[in-house]
Amino acid sequence: MKNQNTVFFVRKEFAPSRPAPASTVGVLGWIRNNLFSTPFNSLLTVVVGGLGAWSIWGALDWLIFNAVWVGGNEACKANPNGACWTFIGTRFDQFVYGFYEKPERWRVDLVILVLFVGVFWTGWEKAPARRWAGGFMLILFPWIAWGMLYGGIFGLPIVETSQWGGFILTLVVSLIGIIVSLPLGILLALGRRSNMPIINSTCVFFIEFWRGVPLITILFMAAYVLPLFFPTGMNFDQLLRALIGFAFFAAAYMAEVVRGGLQSLDKGQYEAADSLGLSYWKSMRLIILPQALKAVIPGIVNTFIGLFKDTTLVLIIGLLDLLGMVHAAIADPNWSIRSVPTTGYAFVAITFFTFCYGMSRYSRFIEDKLNTGHQR
Amino acid sequence: MNTLPNPESRAQPVIQIQKMNKWFGQFHVLKEIDLEVVTGERIVICGPSGSGKSTLIRCINRLEEHQEGQIVVDGVELTNDLKHIEHVRREVGMVFQHFNLFPHLTVLENCTLAPIWVRKQPKAEAEATAMKYLERVKIPEQAEKYPGQLSGGQQQRVAIARSLCMQPRIMLFDEPTSALDPEMIKEVLDVMIELADTGMTMLVVTHEMGFARTVANRVIFMDDGQIIEQNKPEEFFNNPQSDRTKLFLSQILQH
Amino acid sequence: MTERAATTSILNNSEFRRILYQLLIAALLIYLGWSIVENTIANMEARDIRTGFGFLNETAGFSIMMSLVPYEPGNTYGRVFIVGLLNTLLVAGVGVVLATIVGFLVGVMRLSQNWVVSHLANIYVEIFRNVPLLLQILFWYTAVLKPLPGPRQVFERNTEIYFGISNRGITGPEFILLENFSFTTWTILLGILFTIGMHRWSKHRQAATGQQFPVVFVGLGLIIGLPILIFLLSGAPIEFTPAKMGRFNLSGGITIIPEFLAVLLALALYTAAFIAEIVRAGIQAINYGQTEASRALGLRNGTTLKMVIIPQAMRIIIPPLTSQYLNLTKNSALAAAIAYPDLVATFAGTALNQNGQALETLAITMTVYLSLSLLTSAFMNWFNSRVKLVER
Amino acid sequence: MKKLFLSCLSIALLGGIAIAGGHEKGTLAAVKSKGHIQCGVSQGLPGFSNPDDQGNWSGLDVDYCRAMSAAVFGDANKVKYTPLSARARFEALRSGEIDVLARNTTWTMQRDATLGLEFVGVNYYDGQGFMVRKTLGVSSAMELDGASACTNTGTTTELNLTDFFRANGMQFELVAFERADEVVAAYDAGRCDVYTTDRSGLAAQRTKLSNPDDHKVLPEIISKEPLGPVVRQDDPQWADLARWTLNAMINAEEMGINSGNVDSKRSDSNPAVKRLMGTEGDLHEAIGVNNDWAYNIVKQVGNYGEVYERHVGANTPLQLGRGGTVNDLWTNGGLIYAPPVR
């Protein structure tokens, strides 16, 4: 293009695509763009990256490479600069089952197995009869699981709840929390959107009260004050009382999530339901709730993650959940070793992280799917 | 058309692009671009989507970075030097497809923000200028409203006024009408035509061929990241040379 | 036929139904409330439990390890309540500040174009928000702070210590501000006033002439630099009394107890992970077009942030941020797990245990948190209505 | 006003629990119908109530519960245990969650008179003491000025400790935890210089320290801590049963009846022994048990002395020798004394 000021130009030879200059693409380009694009960025990369690598390496070294995997407490005493996994190993059964009677532990195994199969079945998009599995998990399974764990049915001997502990207790508390809170939360959310003043204000009061106080005061209330509210002779054991408090707490949070879903629905959906002549409950059940709940699945999962983490609080009122068991076990004089508390907490942290992170990935996955569904 | 100033009589080109190449990752998005624009020229750039026309004008105020070649705007070469970039951006206004008004500021504040912070004008002066340009785009009465309260066409006119408040030497338009409803396109085009009449140097990426015919003194057709053909509008539309241009025009003019 | 229609219509009348439902609910609630009250009173009488709030004026008789107001065991339960409340507010207040700083930093890091920085920030967020807070408190306390060496291993007996770390906490000197220190105080106050004035003046000047003035730098100089200068010129009128290593412990000085540190660290780092997500989402919610438009107008990055991005992002960030602050405050109740004497540990814990009046004690405690949360939601409603973007 | 306050609170707390009508039934009948005694114990205090790795409980307090079971059912093993924190124990008893509380609980006037509780006796006379590291070189509690002290929250220990330091004009830092094992862990980690609790507790917890021999118990005893089982105040018959279970164990020791010779003692001619063994008189009916109740206690659990030696005596890890202490029988100059069975 020699004479640029001549307006007319037509290209006869088309320029072929060339690979980008090596400095801008490929590994080098990536490194340049993402790590060293400016002097400040380079400094950040070196300083932050160095710190990050140092701490990640330190953590891995402590947790894996330099950890004690075999032997007893003597081996851990000999190596104070690494995790003491043998401590977890010797106590593993206790961490899972608590003081659940040994010969009866197969019941716990069975419940956990059914739980995981059921959850995966329900969560997996392409599974056959997924609705049935979900219904079973939400409606029938809790009763069966309680019956299996507590006993007294099918001729199973009773295992008192005071013997429950460890991971199984964590599961029981969190599952009861979600199973009770979901229907109760839906009712509360519907009530809060109701135009009947008494119902509306009752639900608002209930929700705001439970959301406004720390869970731990609710657990204290359940442990120390709740018995006063019942007639003499009507007793709940400590676990059941904690469960009541926990479930109400969960319901209030769930109600707000469901309310968000109800609010996000187009007004036209309500009008359409009304125009079809459906009664309130029918229009809710057939039209409004299925859409609203589907929209807030991520919110429900996130609430559940929060509740799952909050189950650890039962430790403060003396119930030995997974964290409680570990916390109690590290006081064992035979294992009074520098690395044991950290190992114990690391074990609990990894367990909770695995579950919570898994669930949050699942919720993210659902969220993305829902988002694409809304796009035109 | 003959009233337009003859580009060749102008001394100094205001934009010079030489052998410019740009990649997005491994994708060669702009290839061997050579372009010179002189003051007062009005250039319409058209081409199929993905041909690189938006990217080209975004390179001119460094919203995109080119990897090879040279871009000189207003005598300043665009490099990583922030001073250069700032200088160029002060002199080059830009109007976006989606307006990009600041929703938290009133129309007047949208217009005075840059003059106050970049040109360091007194507020009263900036506001007077802003009102002048708002009058020119025919919405002075909306000055105290927020962008969310305006229609799309009104918003785009505010966006044009906002750019003009910086008193740029060059205006870039990146598909300014393609996000608008048909009845609003005209109000924006009218403003642009008026602006052209003042002698503003303009580079417009658009598919509004009517606008190109009446306003532009040069039409550039791009495809596949290259400038395929450029010509005066009457020549370009009546007598396209390249097969690709012919194909494009036949498709776009059928509508 | 008409008769049937008449009878059904009364039941199908929606107004009638509304009233009926509500009456039923109200009756149920009144019955529940009444029976609970009856049961409670009956139970309390049967168990000889005292009622009423008279206990607040009784002597507590126990000691509290950390108190912001003077407290001794001879004080009343009412005083215990104040001490606990202040300790809660202290850890929550410092926690909020720390969580905000870390949270914003991590949130901005997550948006960094630097791969290493954004991924490390991401790892931080995922780890800290997916591990129970109580576990984190116990971890900091039991695994990090308690294993620190004891004071007798760190300090020689009778030495004076200006700064020390042991498993009894972080110890610094106690300081007394001498008379001359008032100059410094006045300088700081004047500096603040002057900076406020300067801010206004520079606004006016910018409006009038367009010239900008580096208010931040000059203001920092006035509020920090000048007082330091005055402080030095007036002969550094501050007296440090070092802590002294006694037979068991450091005495004197100011000690930040490990219980406080553990709760603070855990609360701040846990909440920071959530704040980081809020900040990231808030900034990401702003269309990139806003940045491009600012750049195209020639605004510098700093100005773009200050005038365009932050004002918009804050509207999105502040409501969830406030509820995180509230969560942090409520979560500070977990301090009870490691003996930090907050409201729940001292008042709903030790005091409840000693006087046995669980109902009253817990009611007071819950009321405190409930009021905080109602105040917070009132603030959020006010804020939301104030900053709502005007739309058509 | 109180009603209003209570109703607001309770409505908030309870949304949907239907309240069934209450039913009054004696504890003994309830225990018999459910087939076991629910016994509230500590969360782990060696010598008094402590679970082993398998979750089997043992200790002085545990044996008391077993004795009650033997008296009621003729089988010492019909007991289920509920571990309780210091804070939760009284409410657990009052609410009926447990039938009897045997959790090294100090008998005080306030607890007896205002909490709706009935103390049935003393199974261990304790007093609060101090434990320190030997390396501190402290030989008396009076030297503890400026020390940091670990203890349990919600116990009389906390109050006694405060009183002791205040009375002697000494400064201290109180670090109070909810659970006993947390106190021990904190003391063991060096968070505090002194560990204070009942001396029996010191002896028990010392076994949990990483190096028990590095620690010593100071001579001072700063309080009276009579520990004993507790029941609800509203059931006199059950309280009597609880009281006489303990008395039977003490009387048996006094009469020289132990688990080894109890079978032969059944045919003893001594009228006092006959009354205790149920071969004469019908006092057992008053407390609602069979006539062989005391026989079953001694046969299956043992007399007080046996139980003491088994769990806390000189040959246990606690090494709390009994001779010459207040916990010896009154006939040996101690305070262990039971009213006669007649």
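Worth pointing out:
We just call them A, B, C and D in the order they show up, numbering each chain from 1.
Quick note on the criterion: a residue touches a chain if its C-beta (ideal position, glycine included) is under 8 Å from a C-beta of that chain, and two chains touch if they have at least 3 such contacts.
None of the values given here were measured: they were computed from a predicted structure.
For the pairs A-B and A-D, the count of C-beta pairs in contact is higher at A-D. Centroids of subunit A and subunit B (each the mean of its C-alpha atoms) stand 51 Å apart.
Subunit A and subunit D have CA centres that are 41 Å apart.
Centre-to-centre separation of subunit A and subunit C, using mean CA positions: 25 Å.
Here the CA centre of subunit C is 42 Å from the CA centre of subunit D. Touching two or more other chains at once are residues 209, 221, 224-225, 227-232, 316, 330 of subunit A. For subunit B, the set of residues that touch two or more other chains is empty. Each of residues 29, 36, 39-40, 43, 46, 142, 147, 336-337, 352, 358-359 in subunit C touches at least two other chains. Interface note: chains touch in the pairs A-B, A-C, A-D, B-C, C-D. On subunit B, the positions that touch subunit C within their shared complex are 61, 63, 86, 89-90, 92-94, 96, 98, 100-104, 113-114, 116-126, 145-146, 148-150, 159, 162-163, 166, 172.
Residues of subunit A that touch subunit B in their complex: 1, 4-5, 7-11, 14-15, 17-21, 24-25.
Subunit C makes touch with subunit B in their complex at residues 206-212, 287, 289-290, 292-300, 303, 307-308, 311-312, 315, 389-392. By the touch criterion given at the top, residues 7-8, 13, 21, 23, 25-28, 31-32, 34-36, 38, 67-68, 217-218, 224-232, 235, 241-242, 245 of subunit B touch subunit A in their complex. Across the complex, subunit A is touched by residues 18, 21-22, 25-26, 29, 36, 39-40, 42-44, 46, 109, 112-117, 120, 123, 126-127, 129-135, 138-139, 142-143, 147, 330-331, 333-334, 336-337, 344, 348, 352, 358-359, 362, 365-366, 369-370, 372-374, 377 of subunit C.
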